[in-house]
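Following this line, the structures themselves.
What follows is a pair of complexes built around chain A, which joins chain B in one and chain C in the other.
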Partner chain A sequence: MDALTTFLLRWQSFLAENGPDFAAALWVTIRISMVAIVCGLILGFAAELGRRICPWLRRPVACYVEFFRGTPLLIQLYLLYYGGPRVGIVLDAEPAGMLGMSLYAAAYFCEIFRAGFESIPEGQREAAHCLGIRPWRRLWRIELPQMAQIVLPPAVNQIITLIKDSAVLSIITVAELTKTATRIMNISFEIVMPLCLLALLYWIISEAVAVVSGKAEARLTRHLTR
Partner chain B sequence: MNEVGFILSIMPGLLHGAITSVFVALAAISLGIILGITVCQMRRSQYWPLVRAAGLYISFLRGIPVLVILFLLFYMPSAVNIEVPSLLVAVLALGLNTSAFQAEIYRGGFNSIPAGQIEAAKALGLSRMRILTRIQLPQVLSLTGPELVNEFIILFKNSSLISVIGVTELMRRSEQLVSTTYKPVEVYLAAAIIYLALCLIISRLGERLKGKH
Partner chain C sequence: MEETITPAIKISDVRKRYGQHEVLQGIDMEVMPREVVCLIGPSGSGKSTLLRCVNFLEVYDEGEILVEGALMGYEMQYNGTRRRAGEARIRDSRRDLGMVFQHFNLWPHMTAMENVTEALISVAGKPRATAEKKGMECLERVGLAEKAHSYPAKLSGGQQQRVAIARALAMEPRIMLFDEPTSALDPELVGDVLQVMRSLASDGMTMLIVTHEMGFAAEVADRVVFMEGGSVVEQGPPDKLFHSPESPRLAAFLKSWTHRNGQVA
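Let's look at the complex of A and B:
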């Protein structure tokens, strides 16, 4: 009983002292992840659409996707953050992280959208064309609703992966969750508590995103399942 | 032209690091295959404590970043004054991470084997272990081959993170080169090209494997 009380007291004092720091860091992680996810989705979709519309974009987009999917995020961040100033791109750690993560995310989302577009039979596009349906309307009314089932599950997986990948930003000194936890470890000489809290927070975020997006997925694809 | 000469001059050092990267990745994927199959079997067993434990294992290790697993394994032992070599920590962390993802991959593979096969094997008097190693695993491994190759590529890219705990692999090598040459663009681009080339090689090998079955 005594051991339990000391244990709880230690956690209480740890949380009272470092709780606000962790909360602030959690917000940084969420903020960066959200920016990366939104920008990545837009950029990835634009890249995929561009490559479908203009044939001369095919090669550059393929190279882009291959480079960002074939190299570790860490090296991309290093190139941007440490290599950027050499070519005139000077960014603070956080904007650099956001930009790097967005570019990285876009490559993955682009491939996910490609699989979505490829799942739709060519005949439907031809039929829409013959019926005089404009390309934008065709995209919005015919292609996107059917793509949902193919695109959503891998997209959700990718979103969770991106949130976890944001831990890598700690290496280029962005003050997100992982960086904050290691900083607290260094100043308080506590090892177990910051690390456990860190792992727990990521676990909760991942599970929460999985549950919420599972519900959203069911809702967005109900026109296909019923 | 000067840049090309410089990149060529640092290549041997970087490739030396790349060998360590590949070695660590291979060790981790082997550990991941063994652990992944074990956890998957636990998840599919009929004893609920095993199922729960496997579920928790998969959910936790899939839910936290590789970097955090790495820190947990690197710093936790030092809290109780145990020194673990960082190379071992690296292999363990990457292996644990991939094992959770692999367990999910194998689950799909095991589920796709018709139940009739297992029933037939049981009726023929094959032992459980024999059914697993002779009937289920060969099919599961060939079915999940492409996904395993994909997982290996992810793992290989994640191996860049072990530079943080001081393993001198490709990433760490390039950091060292940058700190002596002050040419981050050239060095990191060269390292990126090596990562890219190795990833392409892995996926090509994977395609060849797929063609064989």
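Let's look at the complex of A and C:
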């Protein structure tokens, strides 16, 4: 009983002291992740669509994807944040983080969309050609709805990975969750509590993403189940 | 009878190559309005490729294909050479053609009705209510009115193929192209699809059919064209072609077919 009370009291005072910092940091992590996810999805989709429409875009997009998938996010962020000013790109830590994460995410999403497009049998496009359906309409009515269910599981995986990868932003001084947790560790000499809380918060975000996407997936596969 | 009728499809010296291999080696043939023509031949003979060239799903390299008198897939330039037509132009040229595929190619996330009405709404610009009325007529015509709201996954292969036929008919094509429409079906499901095609033929639809169903060809076709190795070897009325073939290759083809499937009608 005594041990439990002590334990709870320690957590209470820890949270009272550091809760607001963690809350602020949580918001930073969510904010950066959301920007990276949205921009990454848009840019990744545009890149994939671009290379499907214009053959001359194939090589540049392939290089882009290979570079961002082939090098560590950490190095990309270093290059952008510390190397950027050499070529005139001067950004604050957070915008630099958002940009870096977006570019990184786009490369992965681009490949996920490629798999989505390739999963649709050519015959379905041919049927649309034969009926005179225009390309944008075909994309909207025939390709995208079917791609969604193929793309969703790997995309959700990627989104969760991305949220956790945002921890890397701590090394370019963005005051997100991991940075804040380590700062608190350094000043309070507490190790276990900040780390437990840190893990718990990442876990909650990921779990929330998983729940939402599970619902979306059920909706998208209606035609297979009923 | 000097009056000339424009052929529905006129194919002149069409050639197509995949790298070194010439899959179509100068094909000449015509399909007249209201005529039903069956293309037969061993696999790899180029019959499906030829059919797909007619609506330009495959690009042919030389020769010309005229659909209702209009050049398919190319446009002439002032200097007398020709170049690939733009997508919009090709879409226009396909307007008279309906296509039915071996593997149906229905859109699986849409119900039978949505499959049939998609092009009516987005291409023909019909309001939804009108499109659904028309869609229902087409589904009735293939005997599937009660399946209008089923998804393809819930339909048998034969039913899916009939929906695919209804989808093509909805756009009121003047010519229907069939690419082995029953080859992917279980034997007991073939009959319904052939029945629908028979009724189309008797309604006077112009049809070009790639098929392995010799019995159907014998019964319904006005003319049968036998292809082998990228060329037309022999053509004529089914009676003559099936019972007194001139070329030894056709005779051999029919013999091996009869050996496997029994007598052709």
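The rule we apply is simple: the second predicted complex is superposed on the first by the 224 of 226 C-alpha atoms of A that agree within 3 Å, B and C clash if a C-alpha of one lies under 4 Å from a C-alpha of the other, contacts with A are read in each partner's own complex, and residues count from 1 in each chain.
To be clear about the criterion, a contact is a pair of C-beta atoms (placed from the backbone, for glycine too) under 8 Å apart; a residue touches a chain by one contact, two chains touch by 3 or more.
All figures in this text were calculated on a predicted structure; none of them were measured in a lab.
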item: Chain B versus chain C as contact partner of A:23, first or second or both or neither; value: neither
item: Which superposed partner A:86 touches (first chain B, second chain C, both, neither); value: first
item: Touched partner set for A:142, first chain B, second chain C, both or neither; value: second
item: Touched partner set for A:62, first chain B, second chain C, both or neither; value: neither
item: A:126 touches, of chain B and chain C: first, second, both or neither?; value: second
item: First (chain B), second (chain C), both or neither touched by A:164; value: first
item: Which partner reaches more residues of chain A (counting touched residues only), chain B or chain C; value: B
item: Which of chain B and chain C A:202 touches, first, second, both or neither; value: first
item: On chain A, positions contacted by chain B and by chain C; value: none
item: Complex contacts: residues of chain A adjacent to chain B; value: 66-67, 70-76, 78-79, 82-83, 86-87, 164-168, 170-171, 178, 181-182, 185, 191-192, 195, 198-199, 202-203, 205-207
item: Chain A-facing residues of chain C, complex; value: 55, 57, 87, 91-92, 94-95, 97-99, 101, 103, 105-110, 118-119, 122-123, 151, 153, 164, 167-168, 171
item: Chain A-touching residues of chain B, taken from the complex the two chains share; value: 59-60, 62-68, 71-72, 75-76, 78-79, 157-161, 163-164, 171, 174-175, 178, 184-185, 188-189, 191-192, 195-196, 199-200
item: Chain C partner contacts - residues on chain A that touch it in the complex; value: 121, 123-124, 126-127, 129-135, 137, 141-142, 145-146, 223-224, 226
